[in-house]
Amino acid sequence: MSRPHRNLVRSYEQDLRLFGSPLSKAGLALMLVTLLVLPTVVRDDFWLSVLIYSGVTAIGAIGLNLLTGYCGQISLGHAFFIGAGAYAAAVVGGDLGLPLPVWLLVSAAVGAVLGGLIGPFTLRLRGHYLAIVTLGLIFIGEHLWRNLRDVTGGNNGTSVGAQPTIGPVDLGALELAGENYSRNQGYFWLVWALVAIIALLAKNLVRTRPGRALRAVRDHDQAAEVIGVRAGRYKIGAFVVSSAIAAMAGALFGSYQQHVSPDDWTLLLSIQYIAIIIVGGLGTIFGSILGAVFVGALPALIDQYSSAIPGVATEAGGDGFISVFALNQAIFGLLIVLFLVFEPRGLAGIWFRVKAYFKAWPFSY
Amino acid sequence: MTTFLTNVFAGLALGSTYALVALGFVVIYKSTGVINFAQGGLLALGAYLGYTFADNLAIAFGFAILLACAAAALVGASVERLVLRRMVGQPPFAVIMITIGLLFVIEPLITAIWGFDNLPLTNPWNIRTVEAGGLVFGVRDLWTIGITAAVVVAFFLFFRYTRMGLAMRATAFDPEAALAQGISARRVYATSWAIAAALAALAGITLAAGPGGLSPSISFIALAAFPAMILGGLDSPAGAVLGGVIIGLAEALTRGYQDQLFSWAGANVSLIVPYLLMIVILLIRPYGLLGTKDVRRI
Amino acid sequence: MERVTPLLEVRDLTLRFGGVTALNGVGFTVGRGELFAVIGPNGAGKTSIFNCLNGVYRPQRGTITLDGRRVNGRAPAAIAGMGVARTFQNLGLFEQLTLIENLMLGRHHLMRTGMLAGMAWWGRAKREEVDHRAACEEIVELLELEPYRRTPAGLLPYGVAKRAELGRALAMSPTLLLLDEPVAGMNVEETEDMARYLIEVRRELDLAMILVEHDTRLVMDLADRVLALDFGTPIATGSPEEIQRDPKVVEAYLGGAA
Amino acid sequence: GAGEDDDGGGGSAGAPGNTAGFDGKTIKLGVLTPLSGTVAVIGQPLTAGNEVWFEALNAEGGVAGKYPVELVQEDTQYKTDIAVQKYNKVKGDVVAFTQVLGTAPTLAVLPQLRTDKILAAPASLDALWVREENLLPVGGPYQVQAINAMEYYFNDGGGTTSDRICTMIQDDVYGEAGQQGIDFAAEKYGFTVTNTQKFKVGTENYAGQIGALAGASCQVVFLVATPSDAAKIWGTAAQARFAPQWFGQSPSYTGALAKSAVAPYMQQSVLIVSEGTEWGDSSVSGMTQMVADAEEYAADQEPDYYFAFGYNQARAMTAVLEKAVELGDLSREGILRASREVGTVTFDGLTGDYRYGAPEDRNPPRSSTIFGVDPSKPFGLKKVKYNFSSDAAKEFEFKKADL
Amino acid sequence: MTTVPVLSVNNLEVVYDDVVLVLRGLSLDVPDGAVVALLGANGAGKTTLLRAVTGLLVAHRGKITKGTVSVAGADLTGADPADVVRRGVAQVMEGRRIFAEMSVEDNLRAGGHSRRKAEYREDVTRVFDLFPVLAQRRRGTAGYLSGGEQQMLAIGRALMARPKLLLLDEPSLGLAPKLVEQVRDIVVQINGQGTSVLLVEQNAVMALSIASYGYVLEVGKVVRDGPAAELLDDEDIREFYLGSAADGADRTGRRSFAEVKSYRRKKRWSA
């Protein structure tokens, strides 16, 4: 044979490429083009806003997945860091009026510092114990948000003036080649570009030395120590990185929504993040994104179609056994349950299965 | 002094409720190794079932409680039947998520059936009081404490005289190895879900029998019981009771002395005191007061 | 015997867990390039010695020195950095990582990429990945692990997993290699393979080994010297032949099988 | 970009032109409210109030007798992000929002209301809303209720400014509004607030707070809560045999309380400060009308404040729409303009008249009604002092909040 | 013979994860009262076979796609593990799988789950007699036992069920030579008390020395079977499982590991 087989890898460098095979290169290109073009095709503000929130959540979920999926530390306190990031953005981007790169990075730094303070708890606590201690963060955080009025605006919340501006470019009112783009379109590009960047950074992290160490700590922390991985350092490191990313998500959330209040950072938000990374698949970056879109967009989809179900009341106090709104919630819960019964490894599990199937092809066994 | 005793009593009553809820968490943790996020949903469901029996069907309150517990247990066991039996040997995370999913399902179903309005649960306790030694005790509070004590005793007898406790721990630790010993994971799961749901119903009804009546937000109490469960040790029924009482007392006493001692820290410090206490205790004892340590040697 | 300082010197090691005395005044030395074996009944304390050497257990008494540097008192990761590598009795592979990732983890302490550099990829992270990957590939080749590179360690057949553990330990470029029952659960053929690898490793790499193994034939065939333990107490040290004939060892350990 | 621009609408007279949410026949209005989840207990009756008003209106032909109104209801689950999504979902299909429920969701959509130039009626009595051009509040803000309660206490309740007056408030915006009113009254009437207890919604045990209030020998306690907490609070007080004069801010009460075990205690010690009149009061024309409408279009509807609030909201929105039709412009700008020009809207005694206009000139009602608990009444409340406004309340200034 | 075999596996096929076919039409019998040895390289499917018998495949996303398993004549294909145990089948699982967080005694108690409570005392005494170390450590946490002690516990736990058929998955793994002998004696002893044994072992000498019959498994199929004595004499078997030189050396005249050839030999039957 004159031509090397398409799967033949000739150097380690080649082997280490993220998008090595022609197929995955094509996949990448397709994804990028989709992200670029989508907002000009789907101009509907509803779907754009759903996708913007999903993108923000995807960023936060990547952070949580690094901590929980990769390093094995369960945290129910994610919402706390998200909130902290939003308030940081309100101060730096809003009150001080600094541009996007600054408020985004300062938020990340605030998240990192808070994560660094909380991180040492992981050294002593395991599994669910850690989960519940981090749950305490939510309540302690809520107390802080309600009482640190100067920063958070107290119960009222605070408006977030952090603008999506980079130098002369204002993504909130983009004008390109004589064409005007809406705030939602601009935010879509901003948020999803950040999703791509953060996903890439996270992917790099997990495929190199520190990422392997995180997973080693998750699988067997004692053995990891014995072969030279300082488990404690990585646990704290994971907390720092994860909270920094969470804070960035919070900053984006605040900037898009323009107003945040203590009611935004509840336990339910943390639980939603847990749901996302489990549904998406623990320990996969791509899964975090899939999970965020799934959990973020599924209710919207259900919403579109459930009113067609007979026996359902479509307005408050209408006739029917169950209101369409309650039904949406129930369907959402039910889908999650069914989905995990079918595929406990999450969306990423389906993906691996498909891949495994095609690898084995044409031998079905 | 009376204020102090009143606060202590309030703490005990609150702690008993926490203990009941925490016991429900512990039972499920003991057999599946996961925290059951649906516990609050089960609690609300149990309370509403109690309402239906006591008010819609006009069954005597005591029987209504028993019926509600039985009905809730049935619901719990069906959860196993429909969902959990398929999850033997699957990653615990998937099971956690399923409990979250269940929570999302239960709540809208409750509102679909019983609506959103606050429902008064007819009951003989309510705001009645008895007086003893210069102190006034709420009848419902006394009953809550009494019921909790009875449940705790029943619990220990159950685990003492059946092999369920051991089977639960074995199943949680290694479901496959437990199966190999002839322990039916299905039976274990079904039993623990049934017990947890019945406990939740009991807690729900004692709560709803107060002046606040019954509304879907009753499920929030489950969150408040987290610190109690973890403080005592996730897999220890005795720990759940101990944790419940400690947290209840801590909360009630900080609340009682908020003005004198804690006004500098902002309003409602009492609500985060359980968490702070929990964190401090866990730093000293990472597995709670009575929890089992993870064992892994190389 | 020439008088050079031994590579490893263990003195008077005593380790207790509550009422159980796992080690009781254990002392021995291991020379450079030596293959030293430790045998003893189940629960004699063999693994515990390793755990002390690794810093996982803190002995109540005794000293351990490697190359003149004190070992005990340091954290496990620091000791790993000093060149002590180990395989585990109950398989200590990271199950969800692929075999090659497990090997790369062996080189963790030789690499420097931090979290930020890792995220950036271009530059140090990439260079290190490529370089150390090359080192791991040599081990893959040496141990004939090629077909399993990308298999998650948890799915490896038991025999291969044992070999992979050896590979990970070798990837650490150790000066002292601790082997805890490397052929337990293997059939004769696989045991022979493992023996072959151990011999090759000895020949090609300059390192000392401590071998704990219940397969007495392997121990007797490969070891330079043997220490026999019983209930945490040393009962004999000597050449394999001497040990095999020692009545105390036969009584406590070998039984009629000798 | 997204969001079609409206094409301005017609001139200053004649039929309004088609625009987003108006196809020349039907006017569509948005409703953003929690219809599931725990706050649905408020969202449901409020929305029912909206519905009943508009159904009654449609039965007479609709706005200006010819344009029937249709509601587009969206469930926010009381979450800000969902509220924003749902806002985006329906904003292109409606001319205005006749209900946005909750302080946080309202604040979350407010920036977009401003950019999109859409009018929305917030479903809460926050003072924050008064000076917001894009919002159309109804009713006297909570501050007014609190001030009037004090007026009643000093004038009719036999109280003196040296009495020990305390507050017990929910730790959120709603609670703070009540507290502001009391603080303002304290300044005007010259008393000091002896003790303030805050609590979090859904607290299980109130023994601590009640103990503290009793310990401070409070003679008056102004309570800002929601019904299930209020029931627990009064229940605990009853058990502790602590019986000051309670004033409950209107949302603290619901009809079910008058049938509960706490009712006797409430009859004795609790007054509710609210607006309008008793449920079913035939001497007030607005009430007669509302009860008739409710019977016709929502037969199952229990007497409910929130229902009445939704009904009033819809009425205010209708007034604006009528004005817009009169001006011949149902576009977003047209509606905003109509909201400035609509003048004073009367609610026939259901709540005080509201003078709309430019945000700076708006004047919310300053009147309140004091109710006592009477289980024999349909909603369990009887008028104690009807529709009065204190001078202090009239002096209360609503400032533009920095939002 | 006319007696029903205590275990009879017929043409069994097992698939993991819907894709990985591991057993490919495997048949095997364990006659009542016999000790049967099952040999085979790593990954041949021995453990999978045991899982298929006891119903533990469920925990591994595995399925029996063809064939039957019957215990004492009763069809137990795909039965619930608890049922299988109740019918007198106990298993020592690969990798010990003791309950590490529980005490030694609780582990044994769990092993006796299918027995009546009253019988516990007697059963546990028997196990403690066999493994005195366990008696010493009865209150200790099982997870802290040494590797070999854990193996003893695993065997003891299975014996607590007083099985009719005992499935042993590499029971000698990690045991000191003296204990290997002891385990062998124990197997003989409980077999003498009427328990049939299916013994999966890498230590083929030990296995064949007590078995009456043996099977050799390769990639999911039986490639060789016969009376134990016959297998012991088979050249290939000796070469690959017993470690004897092919050139007729006797059982003690083994090769030294120090002189192992550095090329791999090939088995004749699995080309």
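The first chain written gets the first letter, and so on, giving A, B, C, D and E; residue counts start at 1 in each chain.
As a convention for this text, a contact is a pair of C-beta atoms (placed from the backbone, for glycine too) under 8 Å apart; a residue touches a chain by one contact, two chains touch by 3 or more.
Just so we're on the same page, UniProt names per chain: A, B = Branched-chain amino acid ABC transporter permease; C, E = ABC transporter ATP-binding protein.
Please read all numbers here as calculations on a predicted model, not as lab measurements.
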{"item": "Of B-C and B-D, pair with higher C-beta contact tally", "value": "B-D"}
{"item": "Most remote chain, CA-based centroid, reference being chain E", "value": "D"}
{"item": "Length of the line joining the C-alpha centres of chain C and chain E, rounded to whole Å", "value": "29"}
{"item": "Between chain A and chain B, centroid-to-centroid distance (C-alpha), Å", "value": "32"}
{"item": "Interchain centroid distance [CA atoms averaged], chain C/chain D, Å", "value": "75"}
{"item": "Chain A and chain D: spacing of chain centres that average the CA atoms, whole Å", "value": "37"}
{"item": "For chain B, residues that touch 2 or more chains besides their own", "value": "107-108, 111, 267-268, 271, 294, 296, 298"}
{"item": "Residue list for chain D, restricted to those that touch at least two other chains", "value": "36-37, 40, 44, 171"}
{"item": "Touching two or more other chains - residues of chain E", "value": "144"}
{"item": "Touching residues on chain C, where the partner in the complex is chain E", "value": "17, 20, 40-44, 47, 89-90, 157-160, 181, 184-193, 195-196, 199-200, 214, 216-218, 221-222, 252-258"}
{"item": "Complex interface listing, chain E residues touching chain B", "value": "54-56, 58-60, 80-82, 84-86, 90-91, 93, 97-102, 106, 109-111, 113-114, 117, 141-144, 157, 161"}
{"item": "Residue numbers on chain A that touch chain D, as the complex places them", "value": "43-46, 48-50, 53, 146, 154-157, 159, 180-185, 253, 256-261, 263-264, 300, 314-317, 323, 325-326, 328-329"}
{"item": "Residues of chain D that touch chain A when the two form their complex", "value": "1-3, 33, 35-37, 40, 43-44, 47-48, 51, 71, 73, 75, 77-81, 84-86, 88-92, 103-104, 107-108, 110-112, 115, 128, 171-173, 175-176, 298, 300-301, 402-403"}
{"item": "Contact footprint of chain C on chain A as seen in their complex", "value": "12-13, 15-16, 201-202, 204-205, 208-213, 215-216, 218-220, 222-231, 237, 241, 283"}
